[in-house]
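Here's the structure we're looking at; comments come further down.
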């Protein structure tokens, strides 16, 4: 009988690791999406940011983030700890105390925090100083994210209050968006984005295949993101659940693409590819709060509403002069909120009150703490590059090289 | 000798080159340029924001030739590049005082 | 004992889901391959098509395709149903009635239909109207594909007749190619592809790294495509089978690359990268009808023949003025037929008669029904963009943006 | 009880196959990394090389490599055999003689040899003749690699001597680097790389997003590379081990990125993206010799040292006029040696003597035998393209097409 | 007629175009060029090796106009393109003998 | 003043620039152009279909200088750009009536 338990432990661990690897892959997705949607002259810098932020998140979450988030504590205040504890012994597994390796759990969690941080980098693209951003990443992944993560997934007050967030529409996506929003507000818009008379000007992204590739990568990675969040797969019901999550995740994204494409067609007269891509991501974000319970048709609908919302949100933020080059705040923030609310359509354990409490708590915590950190950075190192560097491109300024030295000629 | 500079629509390039070679012109130099003129660029929407492409891609064809060929060349270009629509472009003629073929050192007429 | 059965159910479901995720990834592969092989001015449009067709396939197959294909019926006429049934209960699993989750099966199937549809988009690239294409996708994925899928995999007359098609050289690949062929014939060649005197002119693809990336993605995804088609992995023989399929799939692709490269070298004097890529895909298509039975050396040979065939097929189609910018009809159609015939080398259950019956039935059904749908579209919305839009590029015309606004200057 | 054994066999086989698929994916990673770091005019050629070498490796290792490496023998001389043996019978599995399918083992091994070969292609980029390279690939993957692989993993003298190399810092990475070094020395530097007065000139890579994508692909694939090298997962301790390997692999790469970025910042004043990418790869190579034993913090450190080393190694090799366009010799060779030495920090079974013996034996064997093969090729077919072809680009010369015909204008 | 050729800094292009249209010039042709002059390019480090970008991106603005407009045009360009820093560029004036509008066949003054 | 326009092979650019700076020319403007002439482009095969690259990449070097330097400059360019093979290019000399340095307003000789 112990062999069976060990085998189940192995399968659950493996399922967790593969799910985590898929989520890790989302880091590449964000890197490609963002580098496709910025101008050529800022491409190497955004790539550097993405590679570095993933690395920083990996290290900071190892150092202290994981223990803050899952080390216990109660209510608002997590315990503070460091590193990872010992893995499960055979005895404890056989006794039924553990379903999967602690290390695999850590791995699955660490890629989540990297996702949240990736969301930030797109929104502040094309004007933020590289090193200030990276310092922010240290604080965000080592402290800001883990604290709210503790509130819900670590057993803190939001969990107690019945707030439902299956895989992180709030804990991960809205969190990233809130930190991004704080940064964007302090940073201001890119030069040339808004005309003297307030008109919104387009700054086209430089590489659509990359943006599309990034979206497909995210789509694939999301099967790990949502599918792994069931945590266990080794019995019929859990296996069915993981399968249902895969189907819902896929169909919500599909709904998001179609809805965003039609919305863009109706509003702008053209099949705006970038909106379709944002729509797909919006569909994924929307279903993330509850990818298990909805029937596939409802999941498609939840994703489709996300796809519509993201288009309106992007246009609205632009009117408010909140300049987000890749639409991250809309896709992860606006739609993250929608996803959290949509939980009540299918999950009886969720209440509108509980969901709002979660949304507000997380948003305020992240926005305010991020705002403070960004402000300190602004007052010290500065967060925005010089006007000249912005004109010439961050690639040469920050990285000393060009992303496409042979393709573009005048900067 | 004269330099004929023609600003034309890009898709007319092949026609113009052929018409020039028909009258005996053997060499031309072509540059991709951006044109601003009466023909207006177009406004696009990218993510809901206006995106004015106010220049138009044009080709600049430059050819140096003997004075005697100038009239026929301008006519040939005019005909080949004409679509009758705004933005067809211009032909300018200006003086050239000297020409050298780098390979051989031949000059003027022989260099063309 | 029930724990073991549940565990086996979980592993088979997980294996199915991961296989499906790999096949989903092929959507990205087609998108990259196709966008690399078209001109820059048509790149955003082909990306839009690829994202949208995958989404449409996901939704249509959910709505009705899956039930048409697997809902029963007999002979030629499938039953008509909608959505997905309930998943397996624990009791039915323990009784041995089910090996994996219904939802996981749906997921694995839905990504197959998307693959078939992806094949079409490449062949009609650079001149077809976006929205007509998407409407075709609705019919293809919701009806045309499922009907022939029912004939073989849903238990229809082809299955009864002993037609062998393990993972879909016919059901998926030749199906995509046949629908593409119908479209290309009605659509005509790209302007400038064939000279006044019938000479074939090259229209070079704009981005070779993307095309190569796409091929590698397809290669990876194909391990899921073929490997998952064993359906079950939880015993020694099935596990061995899946492993053999991986090896054969890989080596057939390798054979295809090497053979196509040498063929191109011999015919054109140069190591034409695009032919090598098509050769790899051809090797994969060729082995798909029977990836299990052949010894690896035979698999290499089957793939290599596919690699030779694809080069000749591309050149021949060009002579026939059938303009297929990415070689999809050759790689998936011509080679798909080869793959179906090659089954008889290693699978005793296959007969040349049965294989031909399958090839002809599927081809005729898909070609004729697709031809009708394309014709209706042609007569109503039109299927081809205006000459001016074709010249200026579909990106600006259909999508309102350029794929590489800073790299190309004159269209 | 047999069901449990069969199930374990199935899971171990599946784990092996998925790990192998991830490693196969690294072929795409090298292709993207290398094509991003060369000039546009040599891009199609390096892509052709990458696709073809993977295919050649797959076929040659099937033909004879696998049997040379794992077919027995003792000491220095392996047995010579061909193809793959029969897979395990149910009886042998139930008797406990086999944990996973032979075919899955082959698949996992074949992608390793492709990795080693991929390392070579980057270092000799932009000047080596395509067909000479491919002939070298035949010998390398069919003979040179398997022989030293036998020494360690096939049970030869290095294994007996206690040399420790968990997943191949030496057997795979240093091997690739040693063969590359021999090639580069015989080949000479790219024209224009070193000035008349010995100054080092930069030849910037053409496409940074591709290079970054390639690095992310490698990072993902490495979870299979290291994680799969545990070979078995179906009990608590092995599952814990695989999970620990995932965590260490990730954090070592993260350490490498951060360390290389800081080093580059300190040395050059800029956040050189290409160095950060090389740093990540260096972190991965460094941990590959022993990804299991170190605590995550030690793993981070081992990776970070790799990240520092790679920067110095690249600069030093340049001073020595060893021209390696992508930094492969540094990242896989220099850092591979570091990884092998770092084993002694955490693995008691390793001794500095044993590690040095392994390093020296493998390096000498591979370097000398590769040097001989390159020399023969140089004397016969030639290994370097003509000066004119180098100037015009290998794409047109070797492949007859351009990688980006619409983006670049003057070669 | 004269051809005015101005080599300017790229980011001054819009200003120059506006200033020209203010004095009634309707059409200009623009080319991306590389400039070498007193203003020096910069040295970058790529993977620790020096990387001298010794040319500077410039825009060449060409406009053909009647003799009477030349002075005002050069002044307008001078003003609009001036930053006071090295590398601001040059204006050259050269003769044009003939001009044709391809669309209509109008010549000289009427063609501009 | 004269404008010297040289159409040369791209890989000769550095040599030409150096030879010009040796005779005291401080500034030049360079444009990437496509040349059609006696030298023929090449035919490639892409997927088995012909692919005629009938233009050749060339560099156009433009330099404005005092009349007195013209001869030396054409000679210098001729020498530096010569390979003796077809397609080496041409040098054209044409009149320039006026020159202005935008930064300082200096004119003519002083502006160069």
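Think of it as A, B, C, D, E and F in the order they're written, each chain with its own count starting at 1.
Keep this in mind: contacts are C-beta pairs under 8 Å (C-beta built on N, C-alpha and C of every residue); 3 or more make two chains touch, one makes a residue touch a chain.
Fair warning: this is a prediction, and the values are worked out from it, not measured in the lab.
Asker: Among all the other chains, which ones are in touch with both subunit D and subunit E?
Answerer: A, F
Asker: In how few steps can one go from subunit C to subunit E if every step must land on a touching chain?
Answerer: Between subunit C and subunit E, the shortest chain-hopping route counts 2.
Asker: Quick check on subunit B against subunit E: do more than half of the interface residue numbers occur in both copies, making it same, or fewer, making it different?
Answerer: Both copies, subunit B as well as subunit E, present different residues to each other, with under half of the numbers appearing on both sides.
Asker: Between subunit C and subunit D, what distance separates the C-alpha centroids? Give it in angstrom.
Answerer: Result: the chain centres lie 32 Å from each other.
Asker: Go ahead and note the Å separation of the Cα centroids belonging to subunit C and subunit F.
Answerer: Computed value for the inter-centroid distance: 52 Å.
Asker: Could you put a whole-Å number on the gap between the CA centroids of subunit E and subunit F?
Answerer: Those two chain centres are 18 Å apart.
Asker: Would you pick out the residues of subunit E that each touch at least 2 other chains?
Answerer: Residues 31-32, 34, 44-46, 51, 94-95 of subunit E each touch two or more of the other chains.
Asker: Tell me, which residues of subunit A touch at least two other chains?
Answerer: Answer for subunit A, listing residues that touch two or more other chains: 4, 7, 11, 18, 204, 207, 213, 268-270, 272, 274, 400-401, 404, 407.
Asker: By the document's touch definition, which label belongs to this structure's chain graph: line, ring, star, complete, or other?
Answerer: Topology of the interface graph: other, matching no listed pattern.
Asker: If I apply the definition of touch given earlier, which pairs of chains qualify?
Answerer: A-B, A-C, A-D, A-E, B-C, B-E, B-F, C-D, C-F, D-E, D-F, E-F
Asker: What residues of subunit A sit close enough to touch subunit E in their complex?
Answerer: My answer: residues 391, 396, 400-401, 409-411.
Asker: Which of the residues in subunit E come into contact with subunit F in the complex?
Answerer: 2, 6-8, 31-38, 55, 58, 60, 70, 74, 77-78, 81-95
Asker: Which subunit F residues qualify as touching subunit D in the complex?
Answerer: 10-11, 32, 34, 44-46, 51, 57, 59
Asker: Enumerate the contact residues on subunit B facing subunit A in the complex.
Answerer: Those residues of subunit B that touch subunit A are 44-51.
Asker: Over in the complex, which subunit D residues touch subunit A? Could you list them?
Answerer: Residues 4, 7-8, 11, 15, 18, 22, 39-40, 204-209, 212-213, 215-217, 219-220, 223, 227, 233-240, 242-244, 246-247, 250-251, 253-255, 257-258, 261, 268-274, 276-277, 280, 295-297, 300, 404, 407-408 of subunit D touch subunit A in their complex.
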